[in-house]
Amino acid sequence: MTLDLQKYSVRTDLAVESRELAETIHGGPLPGVQEQVEEQDGIKITRLDVLDEAASAKLGRIKGHYITIEVPGLRGQDSELQDKVAEAFAKEFSSFLNKLGIARGAKALIVGLGNWNVTPDALGPLVVENVLITRHYFELTPDRVSPGYRPVSAIAPGVMGITGIESSEVVQGIAERTKPDLIIAIDALASRSLERINTTIQIADIGIHPGSGIGNKRRGLTREILGVPCIAIGVPTVCYASTIVNNVFDMMKTHFDQEQDDGQQVQTKQILGLLTELSESERLGLVKEVLEPLGHDLIVTPKEIDEFIEDIANVIANGLNLALHEAVNQDNISAYTH
Amino acid sequence: MTLDLQKYSVRTDLAVESRELAETIHGGPLPGVQEQVEEQDGIKITRLDVLDEAASAKLGRIKGHYITIEVPGLRGQDSELQDKVAEAFAKEFSSFLNKLGIARGAKALIVGLGNWNVTPDALGPLVVENVLITRHYFELTPDRVSPGYRPVSAIAPGVMGITGIESSEVVQGIAERTKPDLIIAIDALASRSLERINTTIQIADIGIHPGSGIGNKRRGLTREILGVPCIAIGVPTVCYASTIVNNVFDMMKTHFDQEQDDGQQVQTKQILGLLTELSESERLGLVKEVLEPLGHDLIVTPKEIDEFIEDIANVIANGLNLALHEAVNQDNISAYTH
Amino acid sequence: MTLDLQKYSVRTDLAVESRELAETIHGGPLPGVQEQVEEQDGIKITRLDVLDEAASAKLGRIKGHYITIEVPGLRGQDSELQDKVAEAFAKEFSSFLNKLGIARGAKALIVGLGNWNVTPDALGPLVVENVLITRHYFELTPDRVSPGYRPVSAIAPGVMGITGIESSEVVQGIAERTKPDLIIAIDALASRSLERINTTIQIADIGIHPGSGIGNKRRGLTREILGVPCIAIGVPTVCYASTIVNNVFDMMKTHFDQEQDDGQQVQTKQILGLLTELSESERLGLVKEVLEPLGHDLIVTPKEIDEFIEDIANVIANGLNLALHEAVNQDNISAYTH
Amino acid sequence: MTLDLQKYSVRTDLAVESRELAETIHGGPLPGVQEQVEEQDGIKITRLDVLDEAASAKLGRIKGHYITIEVPGLRGQDSELQDKVAEAFAKEFSSFLNKLGIARGAKALIVGLGNWNVTPDALGPLVVENVLITRHYFELTPDRVSPGYRPVSAIAPGVMGITGIESSEVVQGIAERTKPDLIIAIDALASRSLERINTTIQIADIGIHPGSGIGNKRRGLTREILGVPCIAIGVPTVCYASTIVNNVFDMMKTHFDQEQDDGQQVQTKQILGLLTELSESERLGLVKEVLEPLGHDLIVTPKEIDEFIEDIANVIANGLNLALHEAVNQDNISAYTH
């Protein structure tokens, strides 16, 4: 069944979406996958662990730990909610570092992947512009650094069309010279779900793998390549026209199934035809088959992307500043971001 | 039948789309609507005239002249093609001015509607930044203006969220003081067709009407309000998630109908169910019914909108410079835009 | 003596600088000029009133009330100090409105003069982007506006090179249609003093006069023209190379005079020659005489202008939000600016 | 005498300025310094070679080859002149590469030094955004690259305040991984001469040395460090207030000396005092002594810096594209820059 996933490439960068898909296909919870969900104040946190290779194969996701923060309200541009999400992010990120056994003062290199000239792909570079940078103080005047900070550096390596160099090569080169203990890579993602666009943050200890994110990465950023742990932070900001269609079809199916439960007489199958009997990935394959030859399987982003990308970049930058430096807290945080 | 159009608001700002829709509903060409199509070098030009009130009612469009320039290749960021489109635009725009009886030296005020902070809505303001402005030379040093120019001024009135003032009020105030002979209003539009996004330019002599364009205009910019002819130039840059779904459904229907013609046995209706029997607007109503309560009927734009909006704004600015000033031609045009 | 001022055009837009100059020339305090100075926490506030036409003539400034807020520390990019300055500005601005007899709920139109494409001239447009806009709520849903707000609208009319229209014409047109009770015009200024660049805010009830500010205004924004009070807010962001030279010469003179007082033998005149015997304006005339033919009397701005202009625009926007709306206070202010 | 230069740090990044200074001090041409000057169409090209260590010591400049392109008209924003300068730049750059024995297809890494958030320091990053990048085509699809191109990559390493990493470390890391044959580093410079700001381009084969450019580099980019030739391209975009003053004093001295030659009776020394008898560096020391304690020795840039920096970045990017790729010529050049 994993074949289908590859054949029609129901591509998602979100582990929670992979789990949903896999459970539909397998008809129930997967062994080797542990999930814990928590919800408060409109913020839903899912901690999902893929424990062994068997689970990894079924899920189509690399073994590792995944945290997903879902906040449907984030689209509402509510600055109070954004502060709460930054705090929740910081708390999760801190305990994630603990869980991975990363030391308190571990030197971090933050990598902002993506293209600053393409708004929905500019998340990484924008976070880099807003995180608190301290490494140079530790290098130049180590005895004058106040306690409560750790060395943090950051780079936005750009995309191949701008630099001619794979971003992973840029990061490797810099990591070899500056020897960070930890790499944190931020990237904009594609989602297969309309509702998760601009509302979800994923943290994972699996690094960045070829083909993930919006741009066309050919090489990854992983512990194997970089020699140090690499944590990936991602936010879905785009989706394919075809996934929207597929997604809506699902919603329609659920909608009509419900109406039938409510005693109404229309048969979902009557309305939606054979489409109801196809698996999600088969259906997506069908939609793509129609759209692609016409060049209409556009990658789209919500009209409000400019404001959203600024807001979410600030949430992540604030969250990272809170998590990485004990001296930063909610009272002084605003002095550190732009 | 016009009722349906309103009920499910198959909203489009493009006359060619209205005509397509209306013909589907009415089952054939409409009396009182004249259309002439010309195609060359990948540029398709449709000149559509709505001649009387009866036609206007059936079409759901105001009486007037509409020119549509469709260039599927525009998404390809080909600078040579862009130059050709600018020239074609200029040619059409010039003969449009002639047709409307607008004098050669008529003073023009170019109005760039939309919000410069929202990329897909920034078309108007970007055109304003790139057109050749000459009015102040005519005012301050009239005897030193070379022949071949006319007085052109321009304003981007902003949107209500930024100014607190309706853009039409701003334009009216300025027009009353500066007395232009002609107003040219540029606005980003919503499309009901995925394929027309970022590939189509519409010119019309009907001005701007409440509810048109991306922003929520409450008052229009028309000859009645402004006292002088008002020509609208629009480019669709966004569409609703629901229209994408509906649009793709149409393509699927056509696709399967074709396969049947090719002798294949599957019945379109078997696959797509009752959806095939609904009218386009009924179907769109259905999709919206499902999406809206979930807050998922997002307005979306292609991921590449940043680069596209710059390119198309340049095409229009160059086209206007060529059309409005005889002294500007393909050899010196690049000196006038940024 | 006023002749000299005109002849060599020691141009300044700051009343405190005019007073300094005038007193040097006249050898002491001027009758008809009242000045009150207050200083706290590194913020110096000067309230200067030009009471009659005689004083106006001697000072070379229009009759009216001038408040100058000088904060040398503002160049240090200290966000706490910026908050304090915003508060001080709000307090002064509020009592200024009271003094002028402007009612609590008076409808305000904020005008951001200047060119958004020229960083040191972008102050006005940046303030406009950051003030709280409310007029449209009062127009569209008056019964749903919470108490503590007044109708505020805003416009950045652009400069003649971009629009082809005098900014005063744009503002007049809008004011005639929207009928504000009060116009607040923000503009970047030229200073004759290096030390006041980016550290000084001036508030005055005299409006904007031709020739003031950075751009070349030919018509003003005054009560006479607009029919309602017009308060001008200005910040010096540029100065001429020639004024820097002249300014430094002054500092050198003071420096050597002091050394002589300290018992050192060098004679200021020996070092600086006849330059010491010229009046400031004669000296400036001399410097200009040398620089101008070479095209080297550049207008310059500090290298850090990008960051400064953002900071000071935020200070003014925050200050205006605090002063104009009782519902805005230091606790919720950050929610209103970007 | 070199001591004086260091003591009062008459800092300049331009070799032609060093030569002028050194000749003033040494009273004539220096042995070991070869200079060739050519002037056409308002473009003055100086080819200056520092041949031995003795000359290097006297000049205060590293042994090497320097080309200076001076174009006073560049401030006038004349796009035709800009094209001519790009062509002249390309011609000089090409013969420079030949002279240095760099092979035709040598792989180039273009490094854009400086801070993209500080307009006068954004030259390097802006050039990087506008040069033609080809390395990835050679890496991914080498057999499909047309003849007439060479592999070019580019990076803007940012400044320490943004990344926490020295730009030289970033470049070293990338160079080690991507193995270019040649590094071309672009940087904004400080000038000691008002007239050279925004009008001069310097090309030199000496790389970037600590302390050069606008930002505070602590480590250089040189052949020794990088293992391959490093060519530096620089444009002065800022100067100190103190150098302006000093500069103007020089002009005044020349001015009055001329008037005396014209038979006028005023004695330069009478007017300018002892200042006339100080060496340039002593005088500058004096001015700094006065300005610095007051915090007024600002680094300034012309008000029009935004437009200028865009223009000159385009000139250099176009020039590099012409020089590095035979397939690029004046007819197709505009397709390669933005």
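Lettered A, B, C and D in written order, each chain numbered from 1.
Here is the rule we go by: a residue touches a chain if its C-beta (ideal position, glycine included) is under 8 Å from a C-beta of that chain, and two chains touch if they have at least 3 such contacts.
The UniProt protein names, listed by chain, are A, B, C, D = Germination protease.
This structure is a prediction, so every number in the text was calculated from the model and none was measured.
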{"item": "Of B-D and A-D, whichever chain pair has more C-beta contact pairs", "value": "A-D"}
{"item": "Longest centre-to-centre distance from chain B, chain (CA-based)", "value": "D"}
{"item": "Centroid distance [mean C-alpha coordinates] between chain D and chain B, Å", "value": "47"}
{"item": "Euclidean distance of C-alpha centroids - chain A vs chain B, Å", "value": "36"}
{"item": "Whole-Å gap between the CA centroids of chain A and chain D", "value": "43"}
{"item": "Per-residue overlap in chain D, given as positions that touch at least 2 other chains", "value": "117"}
{"item": "Residue ranges of chain A in contact with chain C within the complex", "value": "79-80, 334-335"}
{"item": "Chain D - residues contacting chain A, complex", "value": "117, 128-129, 133-136, 140, 151-156, 158, 160-166, 169-170, 172-178, 218"}
{"item": "List of chain C residues in touch with chain D within their complex", "value": "72, 75, 117-121, 194-195, 197, 214, 238, 241-242, 244-245, 248-249, 251-252, 255, 269-276, 286-287, 289-291, 294-296, 298-307"}
